[in-house]
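Reading through the structure tokens given below for one structure.
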Amino acid sequence: MTEMSPLHFKENAIRALGDAELQRALGNMRQGFIEKRTKAAERLPEFDALRDKAKEIKDHVLAHLDLYLEAFEKNCVAGGGTVHWAKDSAQARDIVLNICRLVGAETVTKGKSMVGEEIEINPFLEANGIRPIETDLGEYIIQLRNEPPSHLIAPAIHVNKEQIADAFRQHHRDLSPERPLTDRAALLNEARRALRERFLEADVGITGANFLIAETGSTVIVTNEGNGDLTQTLPRIHIVLASIEKVVPNFDDAATLIRVLARSATGQEMSVYTTVSTGRKRPGDLDGPEQFHVVLIDNGRSKLIGTEFQEVLRCIRCGACLNHCPVYGSVGGHAYGSVYPGPIGKVLTPALQGLENARDLPNASTFCGRCEEVCPMRIPLPKMMRHWREQEYAKRMVAPRVRWALRLWALAARLPSLYHFGARLAAWWLYRRGKKGRGRLAKVPYGEGWTRFRDFPAPLGKTFQSQWRGPRRHRRPSP
Amino acid sequence: MSTAREQIFAALRQGFRGRNEAAAKVGVDARLARRAPNLVPARAKPEQKRAAVAAFTAMAEEAAATVARVNTMIDVPGAVADYLRNHNLPMRAALAPDPLLDAARWERRKTLEVRKGRAEAFDEVGISLAYRGVAETGTLVMLSGENTPTTLNFLPETEIVILPADRVVGAYEEALAPLRSNSEDGSRHSLPRVVNFVTGPSRSADIEQALQLGAHGPRRLHIVIVDDAAGP
Amino acid sequence: MSPRPQNPSVGLFATCLVDLFRPSVGFAAAKLLEDVGCRVALPRGQTCCGQPAYNSGDKANAKRLARRTIAAFRHFDYVVVPSGSCGGMIKTHYPEALADDRKWLPRARAFAEKTYELVSFLHDVMGVRDVKARFEGIAAYHDSCSSLREMGVRVQPRALLASVTGLGLRELPGRDACCGFGGTFCVKYPEISNHMVADKCREIAESGADTVLSGDMGCLMNIAGKLLREGRAIRAYHVAEVLAGVEAAPIGQVKPEAEEATA
């Protein structure tokens, strides 16, 4: 079983690489998402300009986050909503529990919410006798399987249809054993049937928020299934969980972000449902919740303001960085051991959980830069991973052997004659060893990480510098 | 002990040390009052209404909605009945109690049984009225309210939406503009409880990344565009 | 395009990997530059660009090496690097690393301005459109991530390779995906790195290529090492070697004559 902690990244990654089912799913995922995003981006000539604009909007918000949160609160209350503030996960959970208790809630339906995962609301509600039911199909599947999500927008991407059928048979008591669940359509129908009842009986509906609009005090959710809308329309109470950086100034700004979100995430022109919610049921309304609560959650974000990590708060959780990440594509989401996998997780998780609890994450990157290239919010993810590495180095968290090797090499590099001498020596020595191997080495000292999987191309005996400056400079490589 | 709210604001202001507070406040107020789209793609600025309707139709169809077009409201019940019959669906529907839809004289179409009101769990077909259609992506804009309950858009398996052609606009911003408080004429109002932007029927790719329609919301979305909704 | 410079002085930044493992790339680069009239020199003061320190979080040493390198090349019109990775370090990361150094930041910026990856320098600055070289084979060109994303190299090598007699080119489906080298990444996370390079090698083999070319020795050592371990008969060369028509054994192999000599 995968250990859900970023401390176990290496072991988890190795296990994931050996998991044939997971590898098959990841293989499908990569090409699908990448092609769709590319097509969507190519189809909209203004796409890159919209990304610039989106970045600018969020930068402006982050520089005035306190003021926009105040405006959001004021307008949300004016529209009939209630705003709650939570400094950390525990406070957020208590707020939700109290609201549920006040109305005597027994079951709660939930739309997809990453911050809900972050504050671990489900186990907490369960422990307090309230049944939370995930309604996003992917979230529902992993809830039944008692697993965390493995992707920001495709939480059950690692599960195959046989496993889904098993989960349904185990948990849907009213499902007849004769009913075939062999194809995807049958599975979808079964989930729809089971969840429809849950939607109708729930006392409280909890959703996340993709955006908060300060101008109108509205919350915005973006979904494809419509589960979020059933979650927030049918029960008497609607609770929105939102982290504080989700706020945008006005609807024009939300529209800009919406234009880049779906295209980056799934390659759709627009997600099926974008829902702007403002306050509770109005006089005369025939449906809708009687109470509208917004829980604004900090959980470590406010302390990033004014630091080199501020820009990560621009993230709109589209998942594009995961979809394009070669490391995510190799090991999947669970290996990261945190709610936020992939490049965004490599930057965000150390900020939320502490660098000492997530040291591998910012290191496990080749800095290939593809995440930054596709991020709609132009977050310099590799640069921020490097900032974590700098902190790690400064705090002496790097292994002494590595520190010394780096220092020695840096010292040599500052003294050209020493450096060139060392290089000549290494070239000669490795060349001698490589001769037997006809130009390659199957083993090199300290090179086990390399040679376990690859041969090591040996040097050719002399360095370029020495040949260039050699007595018989004939501008030809040695044989 | 300070409240969570105070602690959060204190932490934020820590990060904003050195900010010019007066200027920040003015900037934020101006931004909140501003009613100007940022960057609207060229394709969301159709030259005339006809082009907008055509673009809307093409994009909605691409998002797996079906689109029919009729002349006036009187033709709507016939178009709805045709659609239901052709898809072998029940000839019974929950209907948005909007006065504009009354002009369709539903009672004259005897084969089609409509009940005005919100959708209930047993309703298989819902008929509602769109506030706007957005050409940019073939998106319907649906408002909550006494005349157009939100449940109609989500509970039934088949969602039918009536869209007067003159309600088709280019961009999302344009669709929402009349509903927002206006800083110029000083009008202040709150948005309806819910504004739903709907682009095609419900779908999910959560099972093995294969796209399937009808996850929790409607399996089908049929749009009836009425060219002259105010006409006879 | 601005007019082509006449006999510019070019400082060749040879890179650690070329210096240590593949001198023929350095000679190939010098030949290509001299063929179009550049006056090429190899300043003694050059060592390493400092990227290993920078990417390991050792910013202090990275800055020291950055200042060293900038000083060593201050007299040249251009600095040319047969690597997108070291080039990217200079072009994007020197100004970033020295951002809080009032004295060195302007120098770092000016230095970044005149630094180019080899093939893009030939193509974009010197206006080279074809080379007189011959190479028999079908090659897949691997874009190194830093060439692609930090140095804007994509069309230039393909354009010049198209002029090589006897050479056919294949595109890889995942051509903008990383090969898994990543500097210290490949030894810190060998299993993940292996997964990535195995994917890359499979794609190269499936493309029908018998040769893989790239502009970065790091990627090439990684890919060649994996190809050799898998026993695939695919040769690896630095793109400069092919463009310059330099005769050398493929990376990680020895020339037949040399082989006989040692036997």
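Here the chain labels run A, B and C in written order, and each chain numbers its own residues starting at 1.
Operating definition for what follows: a contact is a pair of C-beta atoms (placed from the backbone, for glycine too) under 8 Å apart; a residue touches a chain by one contact, two chains touch by 3 or more.
Treat the numbers as computed from the prediction; the structure is a model and nothing was measured.
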Chain contact topology (line, ring, star, complete or other): line
Longest centre-to-centre distance from chain B, chain (CA-based): C
Chain pair with the greatest number of C-beta contact pairs: A-B
For chain A paired with chain C, centre-to-centre distance based on mean C-alpha positions, whole Å: 32
Where chain A and chain B are represented by their mean Cα positions, the distance between them in whole Å: 30
Intercentroid distance (Cα basis), chain C paired with chain B, Å: 53
Sites on chain B at which at least two other chains make contact: none
Per-residue multi-chain contacts in chain C, two or more chains: none
Residues of chain A touching at least two other chains: none
Contacting residues of chain A [partner chain C, same complex]: 10, 13-14, 17, 326-327, 330-331, 363-370, 372-373, 383, 386, 388-394, 398, 402, 406-407, 409-410, 412-414, 416, 419-420, 423, 426-427, 435, 438-440, 447-450, 452-460, 462-465, 467-469, 475-479
Contact footprint of chain A on chain B as seen in their complex: 3-5, 7-9, 11-17, 19, 24-25, 27-28, 31-32, 34-39, 41-43, 59, 62-63, 117-118, 121, 136-139, 144-146, 149-151, 153-155, 171-173, 176, 180-181, 190-210, 212, 214-218
Footprint of chain B on chain A - complex, ascending: 25, 28-29, 32, 44-46, 49-50, 53, 57, 60, 63-69, 71, 78-80, 85-87, 91, 135-138, 141, 154-157, 160-161, 164, 184-185, 187-188, 191-192, 195-196, 199-200, 214-218, 224-227, 229-230, 233-234, 244, 249-253, 255-256, 258-259, 266, 268-282, 284-288, 296, 298, 302-307, 310
Chain C to chain A touching residues, read off their complex: 14, 16, 18-27, 30-31, 42, 44-48, 50, 52-59, 61, 64-65, 68, 96, 145-146, 149-150, 176-178, 180-183, 185-198, 221-222, 224-226, 228-229, 246, 248-249, 251-255, 257-259, 262
